[in-house]
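What follows is a short report on a single structure.
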Amino acid sequence: MAVVLAGHQYGKAENRVVRFQRDTPRHEIVDLNVTSTLRGDFADAYLTGDQSKVLPTDSQKNTIYAFAKEGPAGQGMAKGIVAVESYALDLARHFIEETGPVTGARIDVDSYRWERATVSGREHDHTWVRAGGEVRTAAVTVAGDGPDRETHVVAGLKDLTLLKSTGSEFKDFLVDGYTTLEPTQDRVMATSLVAQWRYDATCLADGFDFDAAYDAVRAVLVGQFATVHSLALQQTLWHMGKAAVESVPGVIEVRLAAPNKHHFLYDLQRFGVENAGEVFHADDRPYGLIQAVVADDTAPAAPLAWER
Amino acid sequence: MAVVLAGHQYGKAENRVVRFQRDTPRHEIVDLNVTSTLRGDFADAYLTGDQSKVLPTDSQKNTIYAFAKEGPAGQGMAKGIVAVESYALDLARHFIEETGPVTGARIDVDSYRWERATVSGREHDHTWVRAGGEVRTAAVTVAGDGPDRETHVVAGLKDLTLLKSTGSEFKDFLVDGYTTLEPTQDRVMATSLVAQWRYDATCLADGFDFDAAYDAVRAVLVGQFATVHSLALQQTLWHMGKAAVESVPGVIEVRLAAPNKHHFLYDLQRFGVENAGEVFHADDRPYGLIQAVVADDTAPAAPLAWER
Amino acid sequence: MAVVLAGHQYGKAENRVVRFQRDTPRHEIVDLNVTSTLRGDFADAYLTGDQSKVLPTDSQKNTIYAFAKEGPAGQGMAKGIVAVESYALDLARHFIEETGPVTGARIDVDSYRWERATVSGREHDHTWVRAGGEVRTAAVTVAGDGPDRETHVVAGLKDLTLLKSTGSEFKDFLVDGYTTLEPTQDRVMATSLVAQWRYDATCLADGFDFDAAYDAVRAVLVGQFATVHSLALQQTLWHMGKAAVESVPGVIEVRLAAPNKHHFLYDLQRFGVENAGEVFHADDRPYGLIQAVVADDTAPAAPLAWER
Amino acid sequence: MAVVLAGHQYGKAENRVVRFQRDTPRHEIVDLNVTSTLRGDFADAYLTGDQSKVLPTDSQKNTIYAFAKEGPAGQGMAKGIVAVESYALDLARHFIEETGPVTGARIDVDSYRWERATVSGREHDHTWVRAGGEVRTAAVTVAGDGPDRETHVVAGLKDLTLLKSTGSEFKDFLVDGYTTLEPTQDRVMATSLVAQWRYDATCLADGFDFDAAYDAVRAVLVGQFATVHSLALQQTLWHMGKAAVESVPGVIEVRLAAPNKHHFLYDLQRFGVENAGEVFHADDRPYGLIQAVVADDTAPAAPLAWER
């Protein structure tokens, strides 16, 4: 047998970029956590310690910050605050096109939300309050060259915590010798959703509005969670994913991972207090974890888009 | 010498209570993290292991959940979702009045914010999205009996992250042999604020609107952060505290702790890119930590209100 | 087009199982965080809400705790504290063999280390101190039936933080227009290692000592990190993986992910203090992230072993 | 009424200092998280924005890193790796003596443990593995000048997780209308201890061995936890504190905070499996929180030592 280097990649993780637009008295803010991952001809760095084909992760960091101001040829954020997907595309293409040994690049971005401070009922020009709640994500992958080039844009969100106080059942499930769960016709359903969705090639054209598409998918996910009468979290996820693919142009695949954050009805009858679905203990662990992939069946699969 | 038990207290920490109001199709949610701390005649539990005066922390937990439904004599949350301060007052008084050995009780509450899900432009009746951002806090202390009883209500917030992109200087500071900082006339100022404020005795009367007072203080804190032209975070804190005491009836003392979350201008000139206060690195550690106590000088000090 | 359910799985995450062996006065402890993931014929649960093929995650939880005492036919932990890999194999096989709709199961285990308390120089029989440091991991996957059955055991560790104060260089790297890093012949190298290694089929036979194999791999990883004069973290990872495959029987593939935890020499010359590689600032973010897969090239690839 | 600045302090938090001793081939490592807090004549910085008496937190950071190499007059760490308490004393005295407006200083230090890597059975000269487990802490306070100067050293530890599988009861407790807990004669007792202890003035003399005292106190705490047959966590804490004061010279006051990390016996009887104190669920929240202060009654109280 021989021992071989069967895979490798490297990059700079968690660059905390904050970008302001200050051209007018009304400033804008973009607050990002950016990670670069490069793939290519780096085996010698591992096998012999020869670094001559390795672009330092420090250089990747510099590039990430520089592109936050100004992308290639005066594009990118130089023209104003563009969508994070476009910024990530610029970065990925730069690394693959300008660095000889690089044959693939992935850019991951977390985007934190800020809301303008309200002062005397009016939005302030240059002060914000961090919004908390969900984090917007983007993962852009570019690989290969010429006609073989693959380009994938996966948008998403994480930490979107949703809860409904009724409209959720769980019953008629499989029972085995370890089953003690009672069926229920009315429970609290809560999750902290991670959703990612892949755009088709038409979205790579100039002018596609990634921000509007994000808002549309988020609205669909929240709307389905609220309005589907749920027979299980599985069923709710299916309807969330299906509605996103059907109703938001460009979305061809949705991946959902949803912890079932259990809320247990607290037994107050022991103290003579009625508890008709009113007081719950929100438990930490363990939790159910339900996952689903929903796709347009005419869209070609793209495993590379999901490879971390 | 003799070794003595010089102090002691105990309780149940981090009870994750979720309370719904379901009397009408439009439900309400209150999501709390509640901690009880009891003080009193418990020395024997330590010195000899005699537990006969110790109310189990498990019983405290049961009480916390039961009072989320129904407080003493049909008051409390039984009448609907009341302010967390009132709920904490009911709990503290219960422990001190109903449990013989208990001579003092402190109830700490963290309250998490939820916003109604929006579906087709309308607020949903029984689905919410967790809001993130700041957490509302309350700390109620009751001690002693009869005319000597002390009762204190301290409200607050934490994790209120604020940022302004201009309107902040730091210059003309003390310089010693270890000083290398350059003065600046225009910097990013950001903090993740912890604020606590003490109410006077008039707020203990029935009908005081703790929720409105909270909103008023929060608005003042955000407003001052935004509008004061800052010569230092110290100065900003002073104006935040001062405005809260002056403008919100019942508030007599404000304690503020503010990390100075440093944003460093990224040097892009090395790559021929101008950076006029537009691209920053948000650093994690170390950070400045600035603290202030602002008070109405006619209000008596109340160290017990702040004792954890 | 049609929208289809292209993938799905579900399970119970983060069951915090603590198992004692109390047959003699000298007790033993095993402290685990266990996650089950089931794959199979569950599409109806998503598409129509029909739960009749869904074993509740609550039942999975019960099974996980029950098997911590007693596996199938008096095996498993009933015979004493066995390796976590064997416990996970028992669980995975149980779900696939005893639950009709289940065609695949994955069991993930984190194992926390405890050391016996030392009292008057001797190990105590029933008291432990949690050791901290690295967490041992195991991921067992079983899929299919009869001759087509695949069984994979991946062991590992995470949070193994290693640091060397010399014996590490980084120079002669690729330079582009964004490169400002200075080459160095002597730097601090530190990482918080995540390592996972796959065992071959011979390790599935009764009597394979997973605990000894774990200790052997850990020792090799630490030893290579210490003794390889490093030209880059990439080169160090290669030698760590290579030595594990070459020297530990049964190990056929190693996957390594290593953050480069940067330590920056603090500039003390400004204050007239010499700093010859003695005082550093340990930075949080960003960090380099270097990854490698090292394998025996005669071993068949097993993508299923790594699928989460 | 007038609104006044009733209190204030400021400093630089969480400086991540790593210090190596490299004088011989066998290197040494000290890994610290250092926070400075200054008190003094800073009211103008708040009230009018006048910073002329404010030493920037950036200068404090520089001082913290410089003193890690070389303290005043060739003392401190310049002579080798000294105890963190001595390093903190040097820093506190420096700020109060060299900076006019400073009248008090507090230095908090967390110290992370590393163990030498073992290679072929021998300790390696310049490679370490981070030990995890408890963090050693120190809090030094210096205030005032001349004969009125107060100097306090409080050492401690946090995250020391201890567990015993037998030798712990809880019964004969107070029962009220909300009590449902069953008494137990044999339970699992576990905690994640925070302990702090104050040294008397004799320990400030040159040559006091803070490292040996730390080891002695830690050994006493672990030993008492293990060997006291516990009637309650309260009783265990008392014996831990008492033994520390009685047996470690210089220790005059111990403060203990101990979460009661609940382990619930898992009901396996439902599946026909016996569970004689062998399989538990380790719960996250809520948890009991027990606190105690144990002191030598001839030692003067020192509230300033504990003020954060």
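List of remarks:
Note that the chains are named A, B, C and D in the order they appear, and that numbering of residues resets to 1 at the start of each chain.
Basically, a residue touches a chain if its C-beta (ideal position, glycine included) is under 8 Å from a C-beta of that chain, and two chains touch if they have at least 3 such contacts.
By chain, with names taken from UniProt: A, B, C, D = Uricase.
Quick caveat: nothing in here was measured; it's all calculated off a predicted structure.
Considering every other chain in turn, the ones in contact with both chain A and chain B prove to be C, D.
Two chain pairs, A-D and B-D, are weighed by contacting C-beta pairs, with B-D ahead.
Placing every chain at the mean of its C-alpha atoms, the farthest one from chain C is found to be B. Centre-to-centre, using mean CA coordinates, chain A is 39 Å away from chain D. Per-chain Cα centroids separate chain C from chain D by 31 Å.
Chain D has its Cα centroid 25 Å from the Cα centroid of chain B.
Residue positions 15-16, 62, 66, 178, 180, 270-271, 284-285 of chain A each touch two or more of the other chains.
Within the complex formed with chain D, the chain C residues making contact are 15-22, 27, 29, 31, 62, 65-66, 68-70, 114, 117-120, 124, 126-134, 159-167, 188, 219, 222-223, 225-227, 263, 266, 268, 270-271, 273-284. Residue ranges of chain D in contact with chain A, taken from their complex: 177-178, 180, 270-271, 284-285. Interface of chain C with chain A (complex): residues 1-16, 35, 37, 42, 45-63, 66, 98-101, 170-176, 178-181, 230-232, 234-235, 237-238, 241-242, 245-246, 253, 255, 259-260, 285-299.
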